[in-house]
Amino acid sequence: MSDWVKSERQLERERVRRSRARRSASIATASTIVLVVLVVWGVTNAPGWPRVQETFFDGGQFAAALPDVARGFLLNIKIFLIAEALILVVGVLVALARGVTSPAFFPIRALATLYTDVFRGVPTILVIYLVGFGLPALKLQGIPSDLATLGVIALTLSYGAYVAEVLRAGIESIHPSQVAASRSLGLSHGKTMWYVVLPQATRRVVPPLLNDFVSLQKDTALVATIGPLEALRQAQIHTHQDFNYTPYLAAALLFILLTVPMARLTDHLAARTRRRRGA
Amino acid sequence: MSVLSIDGVWKSFHGHSVLRGIDLEVAPHEVVSLIGSSGSGKSTLLRCVNLLETVDDGTIRLDGEDITDPRVDVDDVRKRLGIVFQAFNLFPHMTVLDNITLAPRRVHGVPREQAAEQAHELLVRFGLADKATAYPDRLSGGQQQRVAIIRALATQPRLILLDEVTSALDPELVVEVLGIIRELKESGMTMILATHEMGFCRDISDTVCFLDGGVLLEKGPAEKVFTDPEHARTREFLRSVLETRRL
Amino acid sequence: MARPFLLLALAVAVVGCAPVDQTASTASTARATPSTSTACAKEQLTLVTPGKLTIGTDKPAYEPWFKDDDPANGQGFESAVAFAVAGEMGFDRTEVQWNTVRFDAAFAPGEKQFDFDVNQVSITPERAESVDFSKGYYTVKQAVVALDGGKIASATGLAALKDAKIGVQVGTTSLNAVKDVIRPAAEPNVYNEQIDAITALKNAQVDALVVDLPTAFYVTAAQVDNAKIVGQFSSTGGTPEEFGLVMEKGSPLKSCVDRAIDALKAKGELATIEEQWLGSAVGAPELR
């Protein structure tokens, strides 16, 4: 056969599909606009709206609080970045420790199990109190006095347990035949974990891991309870001073600004892995 | 001296005996085939040799060393053995080249450049030179199994174990894999293969072993076992396999 | 095809909820309007719970403002003031009910769960844009508390506090005083609760606390053994800082509550209560 020319019948089919797609798109647009208009109209016409507007959406308050809140937010970012790196290390170590079978390592496995059981159960805020007020109360040499450092330690302890469990689930999802193949090549248990199991496991758990890290971003605000001036605390100070909630909105926007790029980054990573592996 | 010598090996799973006192000697450059119906113990025997399973009784010696001794360094034994699985078991997160060079680099301490060079030689030899940077799931089943064989070869093992390496392949892909095995025999590689490919088995094997219910029922030169088996069970098995083929 | 319309119907239904609340709240506003007259007779007051005066405060409630974390026992300065105001308005003790109201909730928009809230809230013009304050019932001074032998325990002026690490509770005018009057070189540590700030002082994580003067006396007398009041200072430059009772913006009760406070001041009763519960809070050296 020579070159394929689309038949009349196929051209007609494509015309129908296009017109249907156009109609769906216009219906979607119209219904979105109507929904938004109705909700905005409904809210702004509520009897209490002016009061809500001035307590939550006050432009002047927003501008006044933003510099302090943004300065505080730098501390959140610092805590988040350092904690995230440490949490990954703790998570991997604990997840691996829970997987060792050699009897000599029984105490380590038991300790790792105890750690995840305890720190997943204890509310993060309590861990922060314990580390933030308990550690310094010991009055030992070498215990950090910097509040952000104490906060990082507390968040690492708390989130390390979650991340360890996520990673462990990922490790257990790798088919035993992969371990068999690696061991049969002469790789030790440790090397098998490092080169074969963990790389596959982490790829699988990126979405839940990202979820934990978004949650961690927000929980950096809990560190405020032990004293440092982070974004939410700065917003709270402004709010309490003038009895106006708008500063919280400024803090919320900053947190969103941090979360959204991270979500896009993961999407991008996932897409790249899919492309590269042609799956 | 034998490369491998298996002596009175027993193995059971959950009270069900899969191997019942197997004896087998494999000489240097010898190709030994294990045939028998599913569940006869072929795969289990290979997994015992590779120490993926622990034997319940008996000994296995590799170059005279008792590798079933609990004090033996398992990883050290496996360095000298290669195994290829029915389901390929390539590492999906690594390229073909990384799959092949993993063990030479991480176990045998071969520098990256040198390992890559050796891997390339093997890839060229087996017609996969253009696939070095591909990920396994971009390859056909036959190509994946060829990569798995190259991966097992890359550490220059004393002995290669092939566990039904063509069973998961479409018929037209079987040929390319069998071609490699044939070439390995010509290069003098010592091999044990569990297989269902009777024609190929007869063609390539020095020795054929028929396993039945965990017992090594019959062992002999390929021609002898295929044309004039001593046991009725062997005859029965060969006949049923040939009949299936005809269908 | 049917789905977009279903969505629209849903949207209409959601928005359609609004009028229900609307009628309810306009009704209550309408009911409130007539009683803004000067009539402060108990029967004519618009109350959260009819026939009862509902007073809000935060929990935990600290000494010397309350005693045993129980506002309803009439003990402690603010509890006593609240009951006195209630009595002046014609409510006997059985007609007063207490409600736990978080500090934040006291100034949140919307219906209030109290007729007035008493929680050591300082009157400022900015805050007065969101809520109504009664007239002041107490004039506040700020105080500096430090551990004995600490680096600022012997300070005689505010300048000595510049290099100190200061702990303070969020939402207090003490925090403003730190920022506006002391202006320390390092950022202060800001805590949710007073006890957190006190813990930090005990741990020597901060050099000094800034709290209002009566709290300072309670802290040094009952909560931290080896602490002392370094001195007191005024948190504002000009007008004195005063505590006021918090009411909903535009509350019809305001004039009646103000009248009650004026009457208590005139009779000297407010001074008596202050003497009884905060009597020790005098005599700390002035820091300038």
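The chains carry the letters A, B and C, assigned in the order they are written, with residues numbered from 1 in each.
By our rule, a contact is a pair of C-beta atoms (placed from the backbone, for glycine too) under 8 Å apart; a residue touches a chain by one contact, two chains touch by 3 or more.
Bear in mind the structure is a predicted one, so any value in this text is a computation, not a measurement.
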item: Joint neighbours of subunit C and subunit A, given as chain labels; value: none
item: Label of the chain whose CA centroid is most distant from the centroid of subunit C; value: B
item: Middle chain, criterion being Cα centroid separation; value: A
item: CA centroid of subunit A to CA centroid of subunit C, Å; value: 37
item: For subunit A paired with subunit B, centre-to-centre distance based on mean C-alpha positions, whole Å; value: 46
item: Where subunit B and subunit C are represented by their mean Cα positions, the distance between them in whole Å; value: 82
item: Residues of subunit B defined as touching subunit A within the complex; value: 50, 52, 74-76, 78-79, 81-83, 85, 87, 89-93, 102-103, 106-108, 135, 137-138, 151-152, 155
item: Touching residues on subunit A, where the partner in the complex is subunit B; value: 177-178, 180-188, 191, 195-196, 199-200, 203, 276-279
item: Subunit A to subunit C touching residues, read off their complex; value: 27-28, 30-31, 34-35, 38-39, 41-43, 45-48, 51-52, 55, 133, 136-137, 139, 145, 147, 224-229, 233, 236-237, 239-245
item: In the complex, subunit C residues that touch subunit A; value: 4-5, 7-8, 11-12, 14-15, 18, 21-22, 25-26, 103-104, 107-110, 124, 126-127, 129-131, 167, 170-172, 175-176, 187-192, 196, 199-200, 202-206, 249
